[in-house]
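Both complexes shown next keep subunit A, but they swap its partner, so subunit B is in the first and subunit C is in the second.
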Partner chain A sequence: MTTAAAPRAGSFRRTWNRFRTYITKPQNAILLALGIILTITTIYPMITIVRDTVRIHPGSIDTQERALDSQTEVLGSTLTTYNWKNLFTDTITSRVGRERVTQSVASIYLWTPLINSVLISVFACFGAILYGGVFAYLVTRTNLKFKKYLSSIFIFPYIMPQWTLAVMWQNLFNSNAVTGGNDGLFVALFNVYMPKWWCEGLFPVSVVLAIHYAPFAYILIGGIFRNMDANLEEAATILNTPKWKTFFRVTLPLVRPAILSTILLVFSSAMGSYPIPHYLKLSTLSTQYVGMSTNRAGQASILAVIMILFGFLIMIVNQRTTSGRKNFTTVTGKSGQSSVVNLGPAKYVVSALFVLLTLFTGILPIILFAIETFLPNPGDYSFIKYGISGHTTTKWWLTAENVTENGMYGQKGILYNQDIWNAFAGSFFVAICCALLAGTIGTLIGYCVSKNRRSKWAAYVNNMAFLPYLMPSLAVGVAFFVFGSGVGIYNTFLLLILAGVVKYIPFASRSALNSMMQLSGEIEEAAIIQDIPWWKRMTQIIIPIQKTSIISGFLLPFMTCLRELTLFMLLCGQGKIITTMLGYFDEMGLYAFSSGINLILIILILIFNTLVNKLTGASIDSGIGGDS
Partner chain B sequence: MKKIVSIILALCLCLSVFSFASAETVEEVIAQAETMTLDELFQKAIEESNGKRFDAVGNSSRGKSVLPIFVEALQKIDPSYTLDYEGGWQQPKENKIFDQLTEDINGANHVMSMTLIQDGNQIQSKMLDTGLLLNFVPKDWQEAEGVAKEGNENPLALQTLNKVFMFNNTGDKVYKNMWDFVAEGEAPLFMGVNSEPVGKNFLYMMTNDKYATIAKEAYEAWEGKNEEDDALIESMKEDAADLGLTGDNVQYGLAWVYLWCEKYNEQTDDGPICNTLVTTSAKDQAGLLVYSKLRSVEETAESSRNNITVAAYQDDYVGIGGYAYKHYLMLTKSSPLPWTSCALIAYMTTTQEGFAAWGKDMGGYAPVPACMQDHSKDGYEKDENGNVTDNLLYPAMNDRGYDWWLNEGKLVVEEPAYCASVSGTMSDWIDMIVNNK
Partner chain C sequence: MARIELTHVTKRWGGFYAVDDLSLLIDDNAFVTLLGPSGCGKTTTLRMIAGLETPTTGKIVIDGVTVFDSDAGINIPANKRRVGFLFQNYALWPNMTVYQNIAFGLSNIREAGLSVTAEGELIRNPEAKGEARKLTKEEIDKIVARVSAIVKIQPFMERYPGELSGGQQQRVAIARTLAPSPRVLFMDEPLSNLDAKLRLEMRSELQRLHLSTGSTFVYVTHDQMEAMTLATRICLIDNGVLQQYDEPLTVYNRPNNTFVADFVGNPAINFMNARGTQQADGSFRVKLLDGYEASFIPNEKVDIDSWYAAAEKDIAAFRAKERPAEKTNKDVPFKYPIATVTDTAEEKRELDRQDWVIGVRPEFIRISEDGPIEGEVFSAMPTGMETTVRIRVGNYLLTGVVFGGVTYKIGQKVRIGFAGDGATLFSRVNGRLVCCGEVRMA
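Then we have the complex of A and B:
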């Protein structure tokens, strides 16, 4: 027995020693710890959703008479397969066009929303890449006028909560004759009636999403355009290749990874968007999830599972189509040679066109937000239509006491409304915590993965960190709702921060990974030879060198968190953070409050962005065109 | 040493016996509380919660405004009384109140003491049938003069709210019959039935024979009907049988529900519906919305409360004038502060100060008349001292009161048990119509 145990003990000791050697390297220890933490925080909430699909929900269809057989059939007394069976195999008989019609349950609750979700995601990708990509090219590779101004304004729709553009769309184009209700600004001012497909449904949802995510495409594609080595294009020019051919055969293939990155990121973000389809009346998986949670809670979770599967699918597509090095950014060498295309006289026309477009997507909403806060009733432009200057008010800002009369619904004016400022404070707290945690964890992941490029574990940690970003926000929100409710942390900042950190680590990890990849190992090795401890190497060598990229990794989670609704709307009450409060005011039709909050939010983000830019040189659009 | 151990053990035993003896279940607290006056409940609340944390969850954000007044009332008895309620009144979004309550009550960490909740259907099936929420009826409420007990006692209703048919009167169109709202070409504004489930409960209630009979009478008096409509109503008998609905006139209720679902124009909230209806450009537009929203309109060249007509206020209007749903008050089965919750519920339902946050609005009715404020002359001009003059400015603003709305206005009143009994089949039937339109 002793002789048999000896080799085993030796083998154990060898393994233990190997482990100890492995763990003594900081990057390995960090990777191990983060791998475990990320697996729990990413996978466990997903498991809770899957479990919810087979749970019995009192008051839901899975507890009603016709479900009883399924419950007793399998899985014991508290679990059931009824939700899956019913969704995919059962039918409902009701009325369509006065006729009695039988349809499958899936066709009502699943297929149409699923198709709509995929369509808006595809169209949003296409629109965002077209609009953002063209703009990125013009800003970085041509002699377009007003670059600095346009670059700053272009990112406004990304800073604004996404549904604000949807509400603006309604206010502009709705009309009594077409959509019902009262006339929007277009009818009131120009007597132009837009068709219904323009006002509601697939088209406006896709357009608004595309406008919202175009800055994303601009940042990703613009980054490559700016850093692209122009030698290849110049070679093509020397060989007398027509300009269009050079563009399609040389330039576009170079930005292909960035286009692919944009597609993957915008696709999942658009698919998970709740408020835009909700306001513009399109049934998608997200809106259906919310609608089904009353009577078909288990099946709503099935929809969330489907959204999660899309996240996995996108990750697989990403793995198949790009190598690890090329993932999502392609900041290449430091050639510094970039040719500027002369647009000739067209530069004024193109510039004017973009000034006009950004006026609609960036400036007009802000002007309308500002005007809205002085209207006596939401959307009541009497002072413009009838020229009555008295039909404006400062009540939305300056009412200092609780009043129900005159549309205040018991709310104090924005400047005196403690609930609004508390919600602002809540949002800032969550955003700062998320930015610090996601930024730090992401930077560490970027550093550790770059140090272990061939390690499978490093690749796993990297993918695990990126997975939540590829999953629709609503699905992540649902996962954390089920998880948070189960462990008693619903409506706490802890749950919001947890969800935000997990969702936004990729911003920092990708940016850190790419910057670390650019960093030669010799720099750190020199410090190691000098026996400089790890933390000192990080804080005094590595981070200072790549501070712009790293700070961007902190800045993006901060700003995204500030204007995020879909991820957080299921995790807290409406007064906890500013976006849930903003959503509440918009739903209630109290557009003056929501507009005022939007205005403050945008101004604060811009101030913050400028401040960080001045202090560190980093900003959302810096490095593309914003600083040129 | 043994002695010391024995003494400690004996002490522990005594303490545990004492603590078990003094521990009361929430049900026991309620049973005792139902025999106590408001003053006695206040005393119990002070003993229980002085210096402690209070959390509740509600559909109405106004719940949080009653808490400081409640604390002030207790401080009149004991000036040293404090209650930590800052941020303690939560208002979840997207119908998550039921999930939140379920998780809180079934979880290990109980936070919520009570709830102010709406949607009779889900309350019945998710909260009452499961025993997660417990009903408490204050003694003072039971004994209050003129209290409207029917439909308000179990579960205990804080108030009944009405949503009424209105239409923009700046055009030529008038709506004299409930069937006018579902006639060809109509698209009345209404909140989505899945975003505000009390709207779906209204549609369930329309199949109740009481309201289906009103629909039948209105249909017979309706000048706009044609053969197609007759055929539709006749064919609805088949649907009623499939859905397990009984009643002599259920086909009328069901036909109206079908036409309503096919036609209504979904809006995010009653606020935007009201803002739309009162404008001059919303000519001939109709809607079904919370009556009290009218209070929020400011008079301008574009918007006026005189641009709308409340359908049921027309002398020759036929049929239902809208529907009513309720805000219920209940304790959680695991309430950490049951005595305080009982005292607060009694305060809110039996005193004018406790109900003031809701009582200032027209269209909301407390079962105890003493809690109510008079809104029958809200449409009259007021002088500098706030006294009502004879100058009638906005006729639609004169609330005719709970009894009028129930009897003359023929409101469809939500009944939790009925809604829960038909929602299983009718919900899908409605969803299919709405999703296919």
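Then we have the complex of A and C:
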């Protein structure tokens, strides 16, 4: 008996000792705590969505149906399989003109949006990589002109709110004859009527998404191009390899990892984007979700589940592709000068082309928004023909009292409108809280994971923190909507901040992990040996050394948060933050207000970005994962 | 001051044994080098003693205090072991000036029994009772002044590490390590990032430092020259297993096995396969270099049968040791290199007790008119002080060192022989040293 018990007691004590040794290291304790918290905050809301698909929603079709169908009783009093059954098996008969058309529920609510979502995601990936990749190559490896100007303006579309370009597309190409509503600038200026496919639907959504996410591709691919050892290509040149062969066999394989990560990021972001397909009128999973919200609440949750499944799929692909083998070290240290391809006289043509393109994507939206706020009526560009006086107005800005005439609908001008400024304050509050929390947690994760490179638990925590990044924004929003309504914190800043933090931790953890990985462990060990406590090691050694990338980890959540709509729109009332406020004015038809808000938002973000960049050297590039 | 004792220390990652059952006694005030090829486990050993790595099993005692014991569940963290550690890439904090780098650790000490001598040496008495206190600004200044004088970095106190050369950074790192008066100083390849000339200079400074501080030094290197010149004892590790722990000259002259013989010494030792039996007088009559007859006369008599019995018992004991996981880094006998002109196919036969390896250091190869072996000069590399000559004998190449600037013509016919009683005889079956002695050609 005693001989059998002794080793067991010994092994228990050994396990206990090992645990004690493990937990006394701060990075392990933090990792353990964050792992548990993140599992709850990430996984639990998702579970609530799945549960929501079989829950009965008062006032929606599943309640009415339940009274008729006694079979659902099998599942108990609060659960029903009706939502799944109806979505996948039933049909809807509707009147189109004089005919009665019978369609399956799934084809309207599921397959069409799903196919559209996948299509825009694929096209957006393709477009973003083509546009961003070509631009990255031109900027880093050729003697293109105006590089500095071009590379900073190129990322404007990403910094600006998503819907900016969509709204601009409308402002440019819409016409009363084709799309209904106001005439756009093209009609006003050139009397050109663009066809419907150009103005609405798959094509413009894909193009706008591609332009919006091209900066991703540019930053990631450009990072590799910039650091790529020119010797790699020179070696091929010495061996008399043709230029095109060098490009396809040497250069392209080296940027493959960057292309892959661009695809993964853009795919899920595009899929979860709400404002762009909303403005440009395409039925996708996200717009469909919002559209069918109350009557078919349970089925909407099924759409969200599908989006989440896509997120998991992307995560698995990401795991497969980024682990090992094909991740090349392109930074070898030597050979500072990279070979520059001479474009010859073409460089002026190419430069001019890109200046023009970026003018459209980066500068024009700002100008258009500004003009819009001075037009007496939306789309009334008559001042171009008849001069400024009499055909422009400052009423949208300067009206100081409540007036119902003049198309103001009782709103004060932007500068005097307390609601707008409250919403701005709300946005700032949420953005600051999110940035502080997400930045801190992300930095800690980056630090702890880099300290435990071999540990499986560290890898798990890292993945858990990264997962929301690959989840479509709307799906995360839905998850927190269902979760928040369940625990009674709907329409509180708490819920917004919670969702924002979970969604934006990856920005911070990625940039922190990247930089911490480059920090030799010996730097900290040198302090451990001298008995310097952990918080002092962090505040006096690690953080000062890595301050640039850590600030980037705070900056990116802040800016993204300020302009976030998709994630937040389900979580609060419309006056809470500025982006939902903007949507409200859009619905009201007060386009001058929404343009004004857009303008202020864009300019604020740009000023802020430049300021932080100049002051600290931090930039959003390193947050996305490029090496800058 | 401090004696370090390692008992059956093992570090394992899954089935990989980075350090396999290492027992080592490092005397007070010793200068021990942990030597071995890269990836052999020497750095892991050092980091385990310092507390930066946790051993899987075993026991470590520093200065009479058990700092780690897997059975008793003791694991004093690195920061409480009061040791100094000099890192390979210095690990200077780039955001602090030289002065701050040195003073940062000091400003953090808070304990009873602190005092600083007039020379600026920090005296710590861990047993002292009384109120814990911090060092004053003046005391820190004094200590920093002292250690920076030792390594001569006073002019750079306000500079940042990025503004210093590699050698100066190294000195700052040393000063930072010395400042809190560690009982033991650990160094992990501290000179490997310096250029050749500076390395030589720093090497002699480290030697002086060891003398003046009187602390125990443990030094990791893969450079056998560094180990030979600095250490009072060399601990040679391969594949996680201790190969030999002896004074440098013993390691050089009486290597335990073919691995040690090959690893230590530059140019490397000449190995020759030999086959033959022990004679009644204790000598071995063997054939070597494809047909030359020779006898190996041991310096002290060996009873070969009992030698084999002892060796096999030893090997069996090592293999029988309990290992919780299957070992993935297998212990195959070291494949000693035999230099040849063209690669020859390996002979495929079972080795037996008549197979030997004879090792002859280059300095024992004599080129003379009446040498018994005929060869021709294959290559000659004069450095001025000495000339390294490779001589071709049949298909074999033997390396010799001749002092003085002798010039040889490539292809020139020479005669060589083996001088002195410094040759070594190994068993080819297990690679272990049988005895030292003299190779006499028939």
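Convention: the second predicted complex is superposed on the first by the 568 of 628 C-alpha atoms of A that agree within 3 Å, B and C clash if a C-alpha of one lies under 4 Å from a C-alpha of the other, contacts with A are read in each partner's own complex, and residues count from 1 in each chain.
Keep in mind that, in the parts below, contacts are C-beta pairs under 8 Å (C-beta built on N, C-alpha and C of every residue); 3 or more make two chains touch, one makes a residue touch a chain.
What you see is a predicted model, and the numbers here were worked out from it, not measured in a lab.
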Following the overlay on subunit A, give me a clash-or-fit verdict for subunit B and subunit C.
-> fit
For A:Gln319, select first, second, both or neither according to whether it touches subunit B, subunit C, the two together, or no partner.
-> neither
In the superposed arrangement, which partner chain does A:Thr89 touch: subunit B (first), subunit C (second), both, or neither?
-> neither
Does subunit C touch more residues of subunit A than subunit B does, or is it the other way round?
-> B
Look at A:Asn295 in the shared chain and tell me whether it touches subunit B only, subunit C only, both, or neither; answer first, second, both or neither.
-> first
Which superposed partner A:Asn231 touches (first subunit B, second subunit C, both, neither) = neither
Where does A:Thr21 make contact in the superposed view: on subunit B (first), on subunit C (second), on both, or on neither?
-> second
Is A:Gln540 touching the first partner subunit B, the second partner subunit C, both, or neither of them?
-> second
Is A:Ser11 in contact with subunit B, with subunit C, with both, or with neither (first, second, both, neither)?
-> neither
After the superposition, pull out the minimum Cα separation from subunit B to subunit C in whole angstrom, please.
-> 47
Would you tell me which residues of subunit C are touching subunit A in their complex?
-> 13, 50, 52, 54, 70-71, 73, 75, 77-80, 82-85, 87-89, 91-96, 104-105, 108-109, 176, 180
For subunit A, which residues count as touching subunit C in their complex?
-> 10, 13-14, 16-17, 20-21, 24, 454, 520, 522-523, 525-533, 536, 540-541, 544-545
Counting only contacts in the complex, subunit A reaches subunit B at residues 58-59, 61, 63-66, 92-96, 98, 100-101, 103, 105, 108-109, 112, 176, 179-183, 187-188, 278-279, 281, 283, 290-295, 297, 376-382, 385-386, 388, 391, 393, 402, 404-410, 422, 481, 485-488, 490-491, 569-570, 572-575, 580, 583-584, 586-590
Spell out the part of subunit B that touches subunit A in their complex, as residue ranges.
-> 57, 61-62, 65, 87, 90-96, 98-100, 102-104, 107-109, 111, 121-122, 124-126, 129-130, 187, 189, 192, 194-195, 197, 228, 232, 235, 238-239, 242, 258, 262, 265-269, 271-276, 278-279, 281-283, 285, 295-298, 300-303, 357, 360-361, 420, 423-424, 427-433, 435-436
